[in-house]
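Mind looking over this structure? Questions follow.
We just call them A, B, C, D and E in the order they show up, numbering each chain from 1.
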Amino acid sequence: MDPGVLAQYAFNGLMLGVIYAMVAVGFTLFFGVLDVIQFAHGDVVMAGAFVALATYLALHGLGVAVPGLVVIVVACAAALAMALLGALIARYLVLPLRAAPAFNTLLITLMLGSILRELVRLFYPNGSNPQPFPRLLPTASVNLGNFTLRLDTTILLVVGLATIFVVNLVVRRTRLGLAIRAVAQDSETARVMGIDFQRIVLVTFAIGSALAGIAGVVYGLYYNEVNFDIGLLLGVIGFSAAVVGGLGSIYGAIIGGFLFAALQTIGSVALPVSSAYNNVFAFAVVIILMTWKPTGLIAEPTSERV
Amino acid sequence: MRVPLEADVRAPARASDLPVAALGIAAVAAWLWAFLVTDRVAILGALLAVAAIAFVLAQRSAVAKRYGLALARRPRMGVAFAAIGVLAVAAALHDQPYPLLMLCTVMLFVVACIGLDIQTGYCGIVNFAGAAFFGTGAYTAAVLAKQGVPHLFGIVCGAIVAALVGSLLILPVLRTRGYYAALVTIAFGILFSTFLEVNNALGGPQGLKLPGIDLFGWRFNRDVDIGGASASFYVNYVVLALALALGAYVFSRRVDRSWIGLTFDAVRLDETAAAAFGIGIARAKIIAFTLGNFLCGLAGAVYAMMQGFIAPNNFTFGESLILVSILILGGIGNPLGIVPAALIIIVVPQKLQFIQEYRFLLYGILVVLILLFRPEGLLPRPVRRYFPAPR
Amino acid sequence: ALHAKETVKIVFIGPLTGGNAALGLGGRNSADLAVQLHNADAKAKYTFDMVKLDDQCKPDIGVQVATKAGADNGIIAGVTHYCSAVAIATVDTYHKFGLPVIVWGAVLPAITYGNDYPEIHRVNGTMINQNEVNAKLVTGLGYKTWVIIHDTTDYGKGHDEYFTKFLTQDGGKILADFGVGADQQDFTAILTKVKELNPDVVYFGGLTPIGVRLRSQMDKLGIKSQFEGTSGIVSDSYIQALGPLAEGTIAFIDGAPIDKLPGGKFFLDQYAAHKYGEPPEAYGPYAFVAANLIMDAIEKVGPNRKAVTAELAKTKDHQSIVGPITFDAHGQNVVPIVTAYVVQDGKWVVWGDSDYAKGKRKLAGGK
Amino acid sequence: MSASLAVEGLFAGYDRADVLMDVSIAARTGEITCILGSNGSGKTTLVRSILGLTPPRRGRILFDDADIGGLPTHRVIGLGIACIPEGRKVFPKLTIEENLRLGAYREADDDTIRERLRDVYRVFPRLEERTTQLAGTMSGGEQAMLSIGRGLMAGPRMLLIDEPSLGLSPRFVAQNFDVIRRVNEQGVTVLLVEQNAHQTLAIAHRGYVLSQGRVVAQGTAAELRNNEEVRRAYFG
Amino acid sequence: MTQPRQSTASVVAPLLACHGLTMRFGGLLALDALDLSVASGEILGLIGPNGSGKTTFFNVLTGLYRPSAGRVEFGGRDIIGASPQQVCRAGIARTFQRSRLCLPLTVFDNVMIGNHLRLDHRVSFNVLRRGALRRQYDECVEAARSLAATFNPRLSSRLFEAAAALDMIDRRRVEICRALVNAPRLLLLDEPSAGMTRGETRELMDDILQIRAARGELTIVIIEHEMNVIERMTERCVVLNYGEKIAEGPFRVVASDPAVQEAYLGQAVAEA
């Protein structure tokens, strides 16, 4: 195959992988702090994108047009709004179900996801239809043979990786990270250590959701289009990526995200029959991977003993 | 519902159990009838309110406890009364096909969810591919019906094929647990529906048409004449679905209230300890997974023939989520909870048709509220009793 | 009118929630508009009450609501279904209940041609005609090579099938054919392959959301091919979502250009005047026409399903805002016209009237 | 820096029934106060109530004369109380060192933490040998050591200890009591719950005996040692 | 205090024999070429400092861990590499250092988990033959009731309460019932007295001895840190340190061994 084309595949795959990884990291964080799956997470990404879009339109209406500034304001608005949303979800939907089986959280967040989706569809102007997302980044590009390297995409890739990196640092290197992991394992004993359980949970959900908000912005800027129903599939893939990578490990989530993107890309490119099989292919590989590594690629070290 | 204390339950049945239970069933049947026929917002609201109040009272009042005990002490009577209740509702609705169709749909989903409950609630295997197994049953029945195979055989085959397809997943399911197992089934569910869609062999995205059930010459899709009055053909399906639902219920109860149920519990709660006492983990999981898929396939086969048409997008991940939702909302591990949960998840959105595009919003909010008030689900699992009181 | 009129119930069914809701809502609003306009007419014998049901674009839910409508003897007729899988799933139900319906959006040929049910009618064309015209037109423009992308629903697959058939007849060459999931987001892998193949035209069989994604990702990858689609993308939101990128997209619809026909402008004006929350979208006019056909029939023969069924069968050369309507033996409107559109300056413009046809502007793909 | 704790007329319990009924105890500044009692008499519930894990239904809990009843747990800990909980409760998926650091969660100064780590390692060299082992894989007794060490990491003014020597070998049991005494000598008030009445009374200043949720005996260590009932239950 | 029982079995072939048993966790040697044998009918005490490998020894025996090297023979059969289920079937039952009851289940259910091998768990039997199941069930209830009654009459009346409702000591009793119900040949007890007062411990030990007397031929290996228990219950002790056997013999003898005092007992021995 032409090296340029190959590079193009790889680059697009990377970009897709970054988005998946950003979503997957959220799943891992929530799982890490409360052992729960926040199934509305994909819809939080969508909501983030719509907040960004609305902010942009508001700025546009106000006549603010400094390109760099607009991007930053838009991204911050999405991140903050989603952080707040995440904290609210944790406070009013997830924590009240603490005592119930973990799967009940799954149902309540599933419903929340459809509520978010319907809210956007019904109350965002013309929300049933795809919305154009503005191109706010410089679109210069270089052509290297068959490979088009675009500046905006490159920026997005770097920003996405950087946010994941920062979140990873926060979680690994600060007391917060230790507290998150402690809370996940034994919330009561964590409190006995002086950890403010509720605060840690809210903060974790806020961080994960802010990341989703930024993922929403990246999504919008990359595809220049957002739709109210992008969340469900993103959520499922993010969840799958987190699990394939190994729940509870941020690196696992990242690897899972890129792996998923790679599988889909390879599926589309290499399968002779029809690229519609690419999901069949990706998920079949997932099943095989899970059989091979039942606790994910970065398996948790066993800490259980008898 | 408060879990009846062992001592209460073990007390011998009383003569008054019968009228008490009969009265209770009659009340529930009347409610069900009203719920199924109503088209009016106000009535629907009132019915839901009545149900909620009755529910709260049931947890508090002595009358309701008495009622629960009466049934707990005489499970057979409970099943018989439930059958009579549903048949009475069906009789009252005999010329209204739509409520009958909803009734059948609910009962068939109950069958499938009981299957999932055996997997998830009893044995701890989370299955997010319920719709795939449901669909396997449906497609098997469709293909066999096309070949002219007798329908009863086709339906049974649907169930068996679902169980067999499930065995493809046995290895990964045995190796993984919790969310990891969930992912395996999610992957399979998505894979299944995509495969149906892109593959033309089974009708592709356009789906397949099916004939109505024909059991030994009894054509289900023909309206029935009962003593001069003509009843909708869905009455046939009500009877069949009722038989299946009751059968599945009794079956799952018996499984739970036996050494097998105990084995499942041990495997779910502590595999290490279970193994140390000789319990075959793999065997238990295989049994639970296969039984569950069998029931899903069975329900799917009948559902397909009742609908007369199936297409891949009836068996997607979203549909699996609906099945799991019913399970969770009902209370994992309690087959009885599945019934009200199925009514809520399947019928309520249809009852909300009058608000058109807003109905899913309202429905989502409703479910969230229910869960906030009952985090464990509607009817949490009771403590196991192997046998009712001696007569 | 001095005395109270009799009220007659009819039903509208379409997807009001979920991914296809935009089109469903447009259809519902348009049908509703027809009813409103009719009810405002003092000369009419009946007042109409339209029950609106959501089929969620799922066959089993479709059968449920069809049963609900069919079993309700107060409902005389229906304007039903946008999604083909739902429409095909419900034909038996309507037949069983004897409820006459007019399909307003689903394009699968088998809905009308796969049975002999007198109850089933359809105002919009099947996907056959538009692909025939499509293939003729674009091969005529001198394009030689195509890549087909279609979604894997019945809609996309059907278009794929018919377009392939007609294009091959007309001598076009298909370099590759991709199926994509209806909720897929990312097409860069496929499009990279397309870029490598470098076709003259990318044909897309599917609906607006994916159409938008495809077109915008094509641009991202620097694909210069001409983009053309099916009736599924002829919507304002396609243009709105893409902005300048939409320019030059070609698409086809079975029917006449609405603003050209008598009443078309009236429809659009009234639609605007009634301040619906959502645009009518491509198939709104069909729902409008279907509702009117039904109401006219009822006005004529009274609220009786059998009579209405018989009356509808007689429909011939009925002038409507989508052109003349004639039902054949299967209840299918024999659409004489397929209209080609091209996006020009942010509007869908009838091909013949466009600067492109006149040679003032050039389509992509170097032709 | 030392502190005093007083519990007055405390009622607490789970679900329906009260487990503690009208319990009043006082842990005086700088002393070791022990709580004895048979299984299920409510000792752990008392500790949990003080920590705010099982909030009191009635009664007051005074820490340095401020009422802390009903305060959220992390605030109670913030006042300078630390706890070595019953059943060890180590964080299984964290390493030994991470567990220990969590003990000093409220301590911001890194040097102090490092110093305390060194102290703990001096007492339990086994922990230092294994700093990166996951706590969950340690033996029962090793986990007990870790739990005690974690309690010491907090550098508290008051230490609540619930059956610390459970599962410890005889040698470490002795050493453990030694540690408690030394900690106390540095001015930390200690409330000690133990089954091992012998050694407990040997280091405690005073104590209480709980039975079925009520205080049935109290006094100085010497008094308790000579109490007929205590002798029968714990030394016989 | 009861006298240590005289062993008559010490001359016949041992019930359990381990040779060179080694268990490695990464770089850590938890069992170091351990040779150990248990005679039929004996009560063996297994003691040693924390982390010396006692529990690991049980885990290796019961098939939860696969040893890095060595042989284990039980009743003349090699059981290395056997699954936990096979070990159980061979007649070894155990309790766990950390309680592993299924808390949401009833006491009866928990005990029946231990009785698994005797129960008929064919699907057809359980679902269809309810009458036969009922007979088996009634027998089991009786068995569980009488077993529980040996330990605590009150426990036998709480047979159908959730295990979660019991306090610690009763839970421990249930665990021992669960291990005993299947009448194993070898019973492994891991710190049965932890968390109990001395009086309670004595009661529990009496109960175990009573059951053993009633059953006859029950071999027990008991891990304990409570020297009273060891002294009273066992006729022979094995002392581990860093996975190695450092002493063996009757408790009095072992306890006076300076190496054991140094590693394990400290000064506390005087008090025992």
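Note that in this section contacts are C-beta pairs under 8 Å (C-beta built on N, C-alpha and C of every residue); 3 or more make two chains touch, one makes a residue touch a chain.
The model shown is predicted, which means the values in this text are computed figures rather than measured ones.
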{"item": "Shortest chain-hopping distance from subunit A out to subunit C", "value": "1"}
{"item": "Centroid comparison with subunit E (C-alpha atoms), farthest chain", "value": "C"}
{"item": "Label of the chain whose CA centroid is most distant from the centroid of subunit D", "value": "C"}
{"item": "Approximate Å spacing (C-alpha centroids) for the pair subunit A, subunit B", "value": "34"}
{"item": "Chain centre separation (subunit D, subunit E; CA means) in Å", "value": "30"}
{"item": "Separation of mean Cα positions, subunit E and subunit A [Å, integer]", "value": "50"}
{"item": "Inter-chain centre distance, subunit A versus subunit D - centres from mean C-alpha coordinates, in Å", "value": "43"}
{"item": "Multi-partner residues of subunit A (at least 2 other chains)", "value": "118, 121, 232, 274, 276, 279, 304-306"}
{"item": "Interface hub residues of subunit B, defined as touching at least two other chains", "value": "194, 197-198, 272, 357, 360"}
{"item": "In subunit E, residues with contacts to at least two other chains", "value": "55, 64, 96-98, 100"}
{"item": "Every chain pair in contact, whichever chains are involved", "value": "A-B, A-C, A-D, A-E, B-C, B-E, D-E"}
{"item": "Contact footprint of subunit E on subunit D as seen in their complex", "value": "38-40, 126, 137-142, 144-145, 163, 166-175, 195, 197-198, 233-236"}
{"item": "Partner subunit E, residues of subunit B touching it in the complex", "value": "6, 251, 254-255, 258-260, 262-263, 265-266, 269-270, 272-280, 287, 291, 383-387"}
{"item": "Residues of subunit B defined as touching subunit A within the complex", "value": "120, 126, 169, 171-172, 175-177, 179-180, 182-184, 186-188, 190-191, 194-195, 197-198, 272, 317-318, 321, 324-325, 328-329, 332, 357-358, 360-361, 364-365, 367-368, 371-372, 375-377"}
{"item": "Residue ranges of subunit E in contact with subunit B within the complex", "value": "62-64, 83-85, 87-89, 93-94, 96, 100, 102-106, 109, 112-114, 116-117, 119-121, 123, 126-127, 130, 133-134, 137, 160-162, 178, 182"}
{"item": "Subunit E-touching residues of subunit A, taken from the complex the two chains share", "value": "305-306"}
